[in-house]
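Structures given as structure tokens follow.
You will see chain A twice below: alongside chain B first, and alongside chain C after that.
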Partner chain A sequence: MSLQFIVDGLLTGSMIGLGAIGVTLTYSILRFSNFAHGDFMAWGTYATLAVVSAIGAMVGKVAPIGPLSFGWPLIVALVIGMAFTALLALLLDKVLFARLRSQGQAIIVVMASFGASMALRSLLEFTFTSRPTYFSRAIQIAMPVGFGIRITPDQITLLLLTAVLVLGVHLLMTRTQTGRSMQALSQNAALARIVGIDVASVVRVTWIIGGALACVAGVMIGILVQIRPFMGFDMLLPMFAAAILGGIGSIPGAVLGGLIIGLAEAGAVQLIGAEWRAAVSFIILMAVLFVRPIGLFGVRER
Partner chain B sequence: MDLLGYGAFFLTTALIFSLVTLGLNLQWGLTGLFNVGLAGFVAIGAYTSALLTTPDDVARLGGFDLPIVVGWLGAMAVGGIAAALTGMATLRLRSDYLAITTFGVAVVVQLVALNAQRLTGGPFGIGFIPRPFGSLAETPLLFNLSNLAVVCAVTLIAYLALEHLSRSPWGRVLKALREDERAAISLGKSARFYRVQAFAVGGAIMALAGALQAHFTGFIAPDNYLPILTFQVWVMLIVGGSGSNLGAVIGSILVWAIWAGSGTLTSVLFPPEQQARAAALQIAAIGVMLCVILLIRPNGLFGDRPRRPWFGKRAKAAAAKSNSQS
Partner chain C sequence: MSEIVLDVRNLEAGYEPGVPIVRGASITVGKGEIVVVLGPNGAGKSSFIKAIAGLVPITGGTVFLDGNDITAAPAHTMVRLGLAFVPQTENIFPLMSVEDNLKVACGILERPEIPARIEEMYAAFPDLIRQRRTAAGNLSGGQRQMLAVARALIVHPKVLVLDEPSAGLSPKFVSMVFEMLAGIRKSGVTILLVEQNAKAALAIGDRAYVLVEGKDRHEGVASELWNDPVVAELYLGQRPLKAEKTSQTGKGGAA
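Coming up: the complex of A and B.
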């Protein structure tokens, strides 16, 4: 068995993990599983793609940075895309989720997110058709790094980017007042309100972080695989599995869960075949639910 | 004459949908269990019945050539067992976990249908599924009407059985659990056991609907059981009003009429190369419709009473609130 699966797994795991951070935050702070999270990913990616094309139309062809497959337009577009996805999440919360949440019916919110997911995805399909597209069609040469492993410059960059983002979110959650407010709200909503935490602003920050990271994960998929309207929906099960495996509410857990699932998927692709890949997250999910439903770093519900 | 034939065909499809919706109403409307993978259970039923009743096929397992009724019973059994296992794994946990797990079940069933060629025929599906009135196929009208009669009969039986169940002591326990879990448990009712039962019976009904559909069209393929099916049935239940069996049936017919009507409209209005995009717009419109109904009329057309959550801190908060008010 070639060790190449480690690189593939880490990359898939990064995409899953970045998405799972959003899932785990919405789950622990807003207390519902957001089935539209995958579609934030797809919307962010298409928004980024649109901005890249717009920049391309304005300034013409831009040379890629060093050995990478993309130039500065993609980086600018990614930032705009992140902002756009965060706004989309905030907007959806304002018109839909917040109203249903105020009625106190948690499971209705889940159902609404399911309906929103269908609508968002179909709108993408309507606007961009279901044909896959790419940020760049250039083929990168993978460099051998020993042990039979090969890695492309894009892949190294994206792994580093993931590490920086995860570290950043972790510091935000543990070292800043906003982050501590978020933790307080997830641990005991009633008590958090009593001590005067501004719930509305915590909810906003939750959506902004979740949306922005979903966009990054989507763009990673876009750079390394392809862009399709279904790209986010197909990530939904791995993201949920990663969030539950890591323990709901835990950011390091979500990332570690994502990496475990990514590695398991890559291993399964090599051993069994690519067509069974999607079953891996289901098997891991069921195993966690049977053996340790609170996940690796979870806390018991009080 | 053609119109009558189309009417019969339309009603048959709508009633098969309403059978799935009845199953979902038992799980969600009566018991409060959230199933977002019902397409998987419908598929399990369709494939089970197809395997049991088709003539022998060397390319895949079985083709056992059994009578159609055996296929339907087998479909219900397998669908019920699959639902019971899903329920046992997740019903002791938060209700969201059931939603995520059923979502996973649908994904895995779709994978098996696509990839386990020896079992399911892979992407090309299974053909030559015997039809109840195959000998009448030369006269389409008679064929359609006899199919409609069968589907009508099955739906009516399921409807009456479910109405009876929801009024029986068993149904009263489910309602009690949904409304006030702690009170029901204090009376010695095992919440998890009753919920697993309701989830299994609902799954069996969905599987039966899948089997009916398979024998009605004579051909099944993995594409029939995509998440869009789950979504359609949810809209049907919400429009009809969850909790009401009559609402489930009428909601199904209504939503299917809207769906089929808007489908016909787009195929007339849009040129062929734009059809796929128009279909996407149709789905988006229905998705928005679901959200709007949830916002402005969460009880649908026939839903009767306000629903209360039965789990977690919010339920406790809601219970505390209603206690202090009374």
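Coming up: the complex of A and C.
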């Protein structure tokens, strides 16, 4: 058996994990499953693509950075795309989720997110068609790194980017007042208000982090696979499986869950065939719910 | 009485419109005092104190803190205004460490001030320092109550408001909690507390009010109230309430 699945699994796992951070934060802080999260990924990716094209139209062709497949325009576009996706999440919360949340029934908010998901996806199909597109059509040569494993420079860069982002979010959650406020709100919303935490502003930060990371995950898929309106929606099951596997509310858990599912998917493709890929996250999800419903890093509710 | 810190006038409050639980209760708390609110079960004591803290919708009356009208202030602004509230249950963040429980409450303090303030709380509550890295959910009942009080005190409140701090504690911890409150008052903090445990609360209190059916019916010096026959009547509800301060008869049914 080739060990190549490790690289593939880690990459898929990074995309799943970055997405799962948003899912787990929304679930633990706003208390609902946001099914539109995958579509934030797709919108972020298309926004990034649009900015890349716009930069291309303004300054002409830009040479890629070193051995990578992309140049500085993609990096600039990614930052703008992250801001755009964060704004999209804030906007959706303002016009839809916040109003329903104030009525107090979580299931209605979940259903609304389903509707929002469909609407967002259809808008993308309408605007950009459902034909796949790419950031770059250049072919990268994968470098052998031993043990029969090959990896491209893009892949290395994106794995490093994931590590940096995850570490950053983890430090934000555990070392800053904002992060402690988010933890506090997820554990006891009434007490959070009593100790002086402005719930509305913590909710905004949650959407900003979730949206921005969804954009990065989407752009990773765009660079390594392809860009389609369904690219985010198709990630929904693995993202939820990762969030639940890691334990709802846990940032390291979501990422570890993502990596486990990514590796399991890649391993399954190699061992039993590609048609089983999608089944893997479903099986893991079911297994976790039966064996340890609180997940790896989860803590039982009071 | 000295300068008034908290002045609650004719407070009406309840979770649902048209169904008031607090029905025109008035109290004052002077600077440096411990004021106790007593009352039978279901008298609306807890709702009264939660309404002051901004957690139960207020439908009438006013709350002044240090001369400022805080009646309509949202709950999360109360610490900034100078009112720190300690709920009866679930008053700590169970998954966060003891230290993070203290830190998360420091939002209104200046950043450089925070470490020193946390050390001051550890000095005042030495039990907590040994557990600073422990998840607060693993503390004993008495230690939880200490943490909740330390968390409230850390922001230098003008008034500390507690909802039944002795509820659910074993007798050993109950006396510990009341000793702690007496000690806090000595350090100059004004305290308003609602208590079921009347004897222990009156022992440390300066003045007390008896709340019945959402209204203050009696007021007096804490040390004298324990033997006050009117209180026994109101508290135990054995006889019709002849000692009402203002006539409320005919209005509202039994709470």
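The rule we apply is simple: the second predicted complex is superposed on the first by the 302 of 302 C-alpha atoms of A that agree within 3 Å, B and C clash if a C-alpha of one lies under 4 Å from a C-alpha of the other, contacts with A are read in each partner's own complex, and residues count from 1 in each chain.
Heads up, the rule we're going with is that a contact is a pair of C-beta atoms (placed from the backbone, for glycine too) under 8 Å apart; a residue touches a chain by one contact, two chains touch by 3 or more.
Every value quoted in this text rests on a predicted model; they were computed, and no experiment measured them.
**Q** After the superposition on A, what does A:58 contact: first (chain B), second (chain C), both or neither?
**A** Neither partner.
**Q** Could you let me know whether more residues of chain A are touched by chain B or by chain C?
**A** B
**Q** Taking the superposition as given, does A:281 touch the first partner, chain B, the second, chain C, both, or neither?
**A** In the superposition, A:281 touches chain B alone.
**Q** Identify the partner contact of A:290: answer first if only chain B is touched, second if only chain C is, both if each is, neither if none is.
**A** first
**Q** For A:33, decide between first (touching chain B), second (touching chain C), both and neither.
**A** Touch partner of A:33: chain B, not chain C.
**Q** Which partner does A:244 contact after superposing on A: first (chain B), second (chain C), both, neither?
**A** The answer is first: A:244 touches chain B but not chain C.
**Q** Where does A:177 make contact in the superposed view: on chain B (first), on chain C (second), on both, or on neither?
**A** Second partner only.
**Q** Touch check for A:193: first (chain B), second (chain C), both, or neither?
**A** second
**Q** Which positions of chain A sit in both the chain B and the chain C interface?
**A** 190
**Q** What part of chain A is in contact with chain B in the complex they form?
**A** 27, 31-33, 35, 96, 99-100, 103-108, 110-112, 114-120, 122-123, 125-126, 129-130, 189-190, 233, 236-237, 240-241, 244, 275-276, 278-279, 281-282, 285-286, 289-290, 293, 301
**Q** Could you list, by residue number, the parts of chain A that touch chain C in their complex?
**A** Residues of chain A touching chain C: 177, 180-181, 183-184, 187-188, 190-199, 299, 302.
**Q** List the residues on chain C that touch chain A in their complex, please.
**A** These residues of chain C touch chain A: 53-55, 74-80, 85, 87, 90-96, 100, 103-108, 137, 151, 155.
**Q** Show which residues of chain B lie in contact with chain A when the two form their complex.
**A** 32, 34, 36, 89-90, 93-97, 99-101, 103-105, 107-108, 111, 114-115, 227-228, 231, 234-235, 238, 276-277, 280-288, 290-291, 294-295, 298, 307, 309, 311-314, 317-318
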